[in-house]
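Take a look at these structures.
One chain, chain A, links the two complexes that follow: it is found with chain B in the first and with chain C in the second.
Up next, the complex of A and B:
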């Protein structure tokens, strides 16, 4: 049985464990129908031209973890931003770990999707927001919707800002030989409220893991959200991340994606501007080696006038790694005075690495400023000679130059400890001793 | 210290240096002058080991060792320093951190431990004061947004930190106002000793009023066409370089 059939038939087993009378279940049932018709996307589809899911579909993934597995904090401490205090929503093999988590209901809700989907007190919010910005057409998103049950639920009421950032971490322990996870997150930040989130998927063994994650984010008027995705997973872990963001007037949402590892990573990052004077920022640093593959598909849909979007993705590809950047910008006819910027710069440090980069602009308004640029280059030999002439060997000089290349993407990271961590990850990833503390 | 014999070098099959010979002894200052495109900067780059240039004939000996198969970083470890005409910008790496990296890489190559942090700080303070460099400047990203003068001063600061045996200053005077020129020249003069040597590459005689050369060489069309003492520089200033073109040397 292939993975699609297995998933579709598993839906019945899934139904035995959820409340089928809850209105959410109608949404799930619709979603599985859509997935059943469409199945997994193939390379024939334009959006999946450079990313093949074929080999993943041949894996006999375990869809429901059989038993809970415990982890001690000291085993996984390094995956947390332990230098500072944070709220934590932690899952082990898809199951919530209260032991490793630190949630709150003190003025804000930082808790579990399973609670939000079942408890009556959350129903008014769920009715308004659940599955409202996520696609009802895209097959992998609907697959996740069909099985939506667990994940992070964050609700920040008007004028509130949690005292510390929230970490959402999914661990895969390798308890199952193969495991498929489908976390579902819902994040709502009301007027004048603020939130910082760090999301991470981490496999702890060499067993095969496939995560198909959907996150819906709603930013109300004047809301400020910083969202950081840290992707530095094992070489047997694959991630399909589907993030949908809806923004209202004057809101500022920044998503940083740090892709440093994993077998196959597909980031579908979608911004919908449903208001004016919005700022949407999408930044990424990708550093790959081995046969790793990362595909960034971004969409910014400008639906109202006077808003901005900024995209800046930097990629460094070594060994036999492959990368994709596809940046789509849609400017509706009414969205006059839109400023949309997109930049994608790549460096190939191996002859066998590949990058496919494509801007896709659909502009229907006539008074807009849109710019896009992409570059694919090798190392700047002039800069290399400069560093070498100061006594820095070629390998270390390569690291220093790559570090400098990726560095400006980090300027907008607003958690200093995270910035430091990412800097160190970049240095480690590039295999160099920078000769100084970051 | 440096012995260049009949050096021919080309880039992409175009010959730029067509037989340069030059000997520099410890304690000496040599000025190399010449019109644009004569091969001055190429000579500097070739001595420092830029791989883009291919040596087709002749040799460069540094302290008796042929540099042909020596990488640019190894040349730096041996004590060769090139002050760049156009220093490269490195965002995200501060001047201080860059110097720490450079110094510790050289020490590693010599089998030494990293320089202790307090010693490094002391050295940085001492050298930056000598060149009248503000402390804030040292925490800025290397060369990023630096003015022309700041870039050149930073080059000399690096030279002061690395204490090379042979310093080649490629058009260090270009783009400097008179005050900046004086500071840079004073720095170079303070760093001079009987054990090290300096090669000044310049288009104008101006710098040589502040750093007095022992020898002046005129390079034209890839060859040294005239050598003399500092008076030659004055003569060039008066006559310009046109006479070179009128009397091509066979």
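Up next, the complex of A and C:
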């Protein structure tokens, strides 16, 4: 049985475990119907031209983990941003781990999707926001919607800002030979509120894992959200990340994606600007080796006037890795005075590495400033010579230059400890010890 | 937006003239644009020898017979037709239209007075009159320095001038049907070698039913002394136009080829599916320039030509192919002049201006395929959209794993006039070699208020400033057109370019 059939038939088993009379279940039933019609996207679809899911569909993924697994903090400490205090929402094989988590209801709600979907007190919020910005057409998103039950739920009311960043971490223990996870996150930040989130998916063994994650984010007027995605998973773990962001007037949302590992990573990052004077920032650093594949698929849809968007993606591709960047900017007819910028710079450091990039502008308003730039090149030989002539070995010099190449994406990271972490990750990834503290 | 060239008038009389012509107010321009009927819309009453509508194997054989073609050509056409029957129309382009009914088109139409002429006196006077009204009369053309014209009117070559001068150099410049008869070895070797008969839906259709076109061969080491030029026209109602052009530049040769088009006004959509193949052998250079101004439809978007063209060039070692196009006409433009950079050190260039107005739709761009080492390509594309039109740039830069030191520079700029039009860019970049240097940049903007202000400050009124800026925006590409062509190009551009200032 292929994966699609298995998922569709599993839906009935899934129904036994959820409240089918809850209104949410109508959304799920609708979604599974859509997935049943559309199935997994194929390379024939323009949006999936460079990324094939065929090999994943051949794997017999276990869809519901059989038993609860526990992890000790010391086993997984290094995956947390343990230098600082944070709220934590932790899942082990898709199941919430209260032992590792630190949630709160003190003024803000940082808790679980399962609670939000079932408890009546959250119903007004769920009714307004759940599945409202996520696509009802895109097949993988609807697949997630059909199985939506668990994930992170964050609600920040007006004028509030949690004192600590929130970490959302999914561990796969490898107790199942193969595992498919479908987390569903909902994040709402009300007027003048603020939030910082770090999201991470981590497989602890070499067993095959496929995560199909959907995150919906709502930023009300004047809200500020920083969202960091750290993707440094094992070479058997695949991630399809679908993030949908709806912004209102004057809100500022920044999403940073750091892709350093994983077998196949697909980031569908969608920004919808539903107000004026909005600032949307999408930044990413990708450093790949082995046979890894990362596909960044961004969309910024300018629907109202006077807003801005900034995109900056840097990629370094080694060995047999493949990188894809497909950035789309749509400017509606009414969205006059839009400023939309997009930049994608890539370095290939191996003969077997491939980069496919497709920036795309679709503009229907005349008074706009939109640009995209895209380069593919190598490290500057003259700069390399300069460093080497001053006694810096080639390997370190390479590391330094690549660090410099990726650096401006890091500049806007607002959590210093995280920045330090990412710097270290970059240094390790590039196989160099930089002689200074990053 | 690029800096405004101050010395624009010095560049050419052509650029100078645009400025004078464009000194209208915006309102006047808008009004004029809406009311301006297609100037070249008239119909020449010459008896045509037209086939019944529809397409099947008999028609393909009949076309071939009509052209007195050898058997291998007939078989080649039939093979293409067989392939075409199994294909479906491509739908990936960003254009929307009612698909033509391929059984409702007559696949052959030729002017009746067929004998070849050696001098203009022998040409049907009505034809001559047509060209006079187009402003490109053969008399005028002959007077223009060094331009030989192979005039194609409804698919059959009627008059070829300067043929004798060219023959002295060993250059073959004739219609493709003549080439099939008289130079079968060259045609057989190269036809379909760059654009295979089953390359795509429209190329297959063209391969099966092409009625005529131009053929050009430049022998080794010869520099073609004049610009070769062909004017295409679609004349007969309800006939498709299927041109086939084959240009071969042998080792170390050079040729500049010009192609320009105007078509009469028709309410019924007309289909055009041409194929152009360029073969640049070692160290040769082909410069191919196009001005396309077919009937774009009226201001309600009614009528207009559907233009589905496959153009591709193959570069051997050290060869260079340069495409320049000014696309102002057609209701639908689907066109991607491409370069296959097969030989080491070969160069591909693409310079384009695409202007769309009213309900026109253009999806155009280029493909640069880097296969050889040290290959270079440059893409400069300028899109200007006005009215309710949609203008897309679609390009591919592909660097294969063995193409060491490949270099590409792409720039796509779009200018929007009014808020009912759209500009789109779809650049694909696929790189499999670490030594590649690829740069791509695209901008979309309108004419900046600051730019206008700057000009105003220096005593240039707004209307002139706009003209100056639009001119500057397009200049990079316009300057690539050969001088001889510039006068004609200006006439053809006038209607659309003026209107885009709004």
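By our rule, the second predicted complex is superposed on the first by the 438 of 438 C-alpha atoms of A that agree within 3 Å, B and C clash if a C-alpha of one lies under 4 Å from a C-alpha of the other, contacts with A are read in each partner's own complex, and residues count from 1 in each chain.
What we mean here is this: a contact is a pair of C-beta atoms (placed from the backbone, for glycine too) under 8 Å apart; a residue touches a chain by one contact, two chains touch by 3 or more.
Quantities reported herein were computed from a predicted structural model and do not represent experimental measurements.
Of the two partner chains, chain C is the only one touched by A:350; chain B is not. Looking at the shared chain after the overlay, A:31 reaches neither chain B nor chain C.
When the two complexes are overlaid on their common chain A, residue A:245 makes contact with neither chain B nor chain C. In the superposed model, A:371 lies in contact with chain C only, and not with chain B.
Contact with chain B, but none with chain C, is seen for A:383 once the two complexes are overlaid on the shared chain.
Shared-chain residue A:360: touches chain C; no touch with chain B. Legend: residue contacts after superposition of the two complexes on their common chain; A:396 is shown touching chain B, with no touch to chain C. With both complexes superposed, C is the one of chain B and chain C in contact with more chain A residues. In the superposition on chain A, A:407 makes contact with chain B only, while chain C stays out of contact range. Across the two superposed structures, the residue set of chain A contacted by chain B and also by chain C is empty.
On the side of chain C, the complex with chain A involves touching residues 92, 399, 401, 414, 416-446.
Residue ranges of chain A in contact with chain C, taken from their complex: 46, 333, 336, 346, 348-378. Those residues of chain B that touch chain A in the complex are listed here as 45, 48-52, 71-73, 75-77, 80-82, 84, 87-88, 90-93, 96-98, 100-106, 109, 114, 158, 162.
For chain A in complex with chain B, the residues that touch the partner chain are 380-383, 385-394, 396-397, 400-401, 403-404, 407-408, 410, 434-436.
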